[in-house]
Amino acid sequence: MTKPLDPRWAVLWIHEAARVVAENRTLLIELDRAIGDADHGENMDRGFSAVVAKLDAGEVPGTPAAVLKQVAMTLMSTVGGAAGPLYGTAFLRAATSLGDAEEIDAAAAAAMIRAARDGIVARGKAEVGDKTMVDAWTPAADAARTAAEGGAGASDVLAEAAAAAHAGAIATEPLIARKGRASYLGERSAGHRDPGAVSTALILQVAAETAGGQTA
Amino acid sequence: MKKLINDPKAVVNESVEGFGIAHADLVTVHPEPLFITRKDAPVQGKVGLVSGGGSGHEPLHAGFVGRGMLDAAVPGAVFTSPTPDQIIPATTAVDGGAGVLHIVKNYTGDVLNFETAAEMAEAEGVTVRSVLVNDDVAVEDSLYTAGRRGVGGTVLVERIAGAAAERGDDLDGVTAVAQRVVDNVRSMGVALAACTVPHAGVPSFDLSDEEIEIGIGIHGEPGRHKIAMENADGITQRLLDPIVADLSLASGDRTIVMVNGMGGTPASELYIVFRKVAQLLEGLGVTIDRSLVGNYITALEMQGASLTILRADDEMLGLWDAPVHTAALRWGA
Amino acid sequence: MKKLINDPKAVVNESVEGFGIAHADLVTVHPEPLFITRKDAPVQGKVGLVSGGGSGHEPLHAGFVGRGMLDAAVPGAVFTSPTPDQIIPATTAVDGGAGVLHIVKNYTGDVLNFETAAEMAEAEGVTVRSVLVNDDVAVEDSLYTAGRRGVGGTVLVERIAGAAAERGDDLDGVTAVAQRVVDNVRSMGVALAACTVPHAGVPSFDLSDEEIEIGIGIHGEPGRHKIAMENADGITQRLLDPIVADLSLASGDRTIVMVNGMGGTPASELYIVFRKVAQLLEGLGVTIDRSLVGNYITALEMQGASLTILRADDEMLGLWDAPVHTAALRWGA
Amino acid sequence: MTKPLDPRWAVLWIHEAARVVAENRTLLIELDRAIGDADHGENMDRGFSAVVAKLDAGEVPGTPAAVLKQVAMTLMSTVGGAAGPLYGTAFLRAATSLGDAEEIDAAAAAAMIRAARDGIVARGKAEVGDKTMVDAWTPAADAARTAAEGGAGASDVLAEAAAAAHAGAIATEPLIARKGRASYLGERSAGHRDPGAVSTALILQVAAETAGGQTA
């Protein structure tokens, strides 16, 4: 039951992202409380609520890229903190990578996730293993490419990306943070999952679900 | 959680609104997007100073808007950096033609949001420089980490750079003075009890009755390590030692010292800490030439204190003494 | 109990010692018996102003010693009135030949100790007058009780009487102005959480997570009654109503308003309270001509706030604006 | 085993008073915490420690009055609060009432307690039933007079006074305070004993004990 990844899908994805972020607001706050400043859930919820309000107020844009660009601008101006510019850049680069295509195919889906990931790295200068959202986005981008190269459909590309992001988020648990607020804790940051990696996994998961994708 | 608030989501807006009413002679509150400027902004020909960051550190930053200090403050949500759409209009609003200096505390979020805003403001024709405050010796400074946090030193940077701007230094000059303060200021903090972020509703860390957190920041983060509770003199020594070491303070050095309360600690305790700092520095032959004791950069109602020391030169001391008129710091005016 | 202190019995001495070092330009600390005078005391020909009371209310009173406010402050043990052997030398030390006014908060202990001291100082040749501050509307004023407590209004009395003394009013004149402030100032307080007196080691009252104490004083006493926790606007209304009623505030009245933190409440919350006070007074047609928002008269680290309103006339407003230079209140100097 | 109430007894009494106050420091703080400001035990302990230090530093004075005068001055300058001036006045008036007698007889003992009580009332303006130390001192003074008039010895006069003070302190429990700090609580002050009345009973009790007095 895969769907065409058109602008209406993009809007649906973002609606679901807002829902899953709201649902996990407390979890994300708790994760951030342990190694940060207890606001990631609040920041993301505030941002995605604003995004949904904005999307609902207008017509559905003509391309997926136009949807994601709007998402980027709204996140940038409502999330704040580290996550705001990082997610903002991620969605902006994702939008740019899509050009004015009306539908996203498998290669485009993989490229979109890669672009998002590269944008985050460009802004935040974190590497894999620094215990940040990069530890979810990087395996996601890798898995998406592998799936696309292996002939998977666009929705399954998203499903592989989501699964990899999820595994990546879990794998942040033992790491000692070297970027972001958690780095101030030094060794005390080990033993907790990174909140931004977890929110990344949640957002990619609903991308896959709304697209109807399945992992191989 | 018991707080004198209405809606957790309205805390910043309502608080800044009240601040604007109380200090209507000094500041203008711009509500949407939220930022605060000094009443007479932009001051023609003067370098504009903008700082900002998450809320919950009051009086920082809005309490330092006014003559001889900041031209604009940009408050984010509690403990969350503000967004570029707030920082950009704050920057353009205080540009009197001589450019604007962004004073940014070194947190990923603050850095990224101010960076974006600076780019966009430049695109609108404002010359923007930035100085990054990173004075917290509790945090290792390394190329492979986010670096040291910006904490109490920010207050001193804002005051001294503000005085330089007020006397008419150009953007390069103000930036240079601000950077010199950054290079010579260090801080270290301790928490006896956590604070509760309104939207979180639970204390930001757990601490038993016999423990304290050494090396805390200003966001309710846990510190570098927990230690068993000690008396004030012992704790003060723990705050002072790494600062003295990092600055290589030595006999003959002159300083400006700030003993800062984190929000929930009585003034009487801060003076007990200051007393010990004075004794210890005297023992080292280091003089305290100016001092501040009180709540200047807080973490909501956290119980604890931080110590900030600036190795000062003649110019810094002169700028320190110049008139300042803000809600939270005022003299000579 | 976790506090930034050394020995509970040394809290006042060590804290005042630190205060004296931090503000050596403004005050002299006399250690034995303990009192604090302004640096240039006695000021010849000027009426001397002395206040004092238990410690734990910082910045009151020592933080208000200096030009345009108090000449001497006499700190007792925590929450315990000072003794005559402290008050007498403080009184004689600030007598510049024009007599001395004692500003006494209405507590049995303060009244009795100041009374004794005044008698003895008079015997030593100093003319002494007293004014009794009793502004707390939470407490019934009746001939058959100890009367209303002195709380936040004290700050306003000290400031305005201090300005009158500084401009050269004689003892009768300063006393009359002080009394006029007393007659027109009222306060009401609320606690969200108790404080812990160092020598007691346990919180001064017990309060559940859903309760607050309305009508508290500044000594960690329980209030008039416990009520269920409310939001800031609701609490503010409860603080304001009895003051408005007691002062019969009406449209056209001009006021000086202080929203005071009890020591453990962040400034952001005080501004939320101030915002509501401003809205409510505006609704009544009462103007806020001057205001203070911050920690001015505290109860250690108690969480809560008090509201003080003075119905002000031209002379009071003029005196308010006159230069003041103390550790905790400073303008025009 | 009654003793002559001479200066050495007075010194012994005050030493015992200091001990019993120190022993009951926490109790007195607790009582004051309930309806006052949690310092009565600390104030009294600080004062009586100073008194003992002062007495120990010098010769035993020549008369009981001289001892009590020294106690009065030291309490006045070290206790603070309401209790300082009140106990100070009480001991000062007690001393004055004794004149330069070298020993205290039954009539003098009764007069001494009456004088102390009257001094407290003169300074503090409290009446019986206001829930203050007056509610211990007044029955003590009455019982002392009755005992003296009934022919009891000086030490038994003190014992009757102490018993009455104790009963008076207990009887403050249901009262609503009308003087002192507890009055701010209004009806909430009922249900707790007055700390000053309790300290009064303790001090009179050791007066009787050191004198070897017994109740009838």
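Points to keep in mind about this one:
In this document, chain identifiers A, B, C and D correspond to the written order of the chains, with residue numbering beginning at 1 in each.
Just so it is clear, contacts are C-beta pairs under 8 Å (C-beta built on N, C-alpha and C of every residue); 3 or more make two chains touch, one makes a residue touch a chain.
No experiment lies behind these values; they were computed from the predicted model shown.
Here the chain-to-chain distance from chain A to chain D, counted in touching steps, is 3. If you average the Cα atoms of chain C and of chain D, the two centres end up 33 Å apart. If you average the Cα atoms of chain B and of chain D, the two centres end up 55 Å apart. Counting partners per residue, chain D has no residue that reaches two or more other chains. Residue numbers of chain C whose C-beta contacts span two or more other chains: none are found. Taken pairwise by the contact criterion, the protein chains link up end to end in a single open path, with no chain closing the loop. Annotation, chain-chain contacts: A-B, B-C, C-D (touch as defined at the top).
In the complex of the two chains, the chain B residues touching chain C come out as 1-7, 11-12, 14-19, 21-22, 55-56, 58-59, 63, 192-193, 209, 212, 229, 231-233, 235, 263-276, 278, 288, 291, 293, 295, 298, 300-301, 303-305, 330-331, 333.
Of all the residues in chain B, the ones that touch chain A in their complex are 9, 33, 54, 76-85, 107-109, 112-113, 115-116, 138-140, 144-146, 149, 197, 199-200, 202, 204-205, 217, 219-222, 224-225.
The part of chain D that touches chain C in the complex is made up of residues 29, 33, 36-39, 42-43, 46, 76-86, 123-124, 178-181, 183-186, 188.
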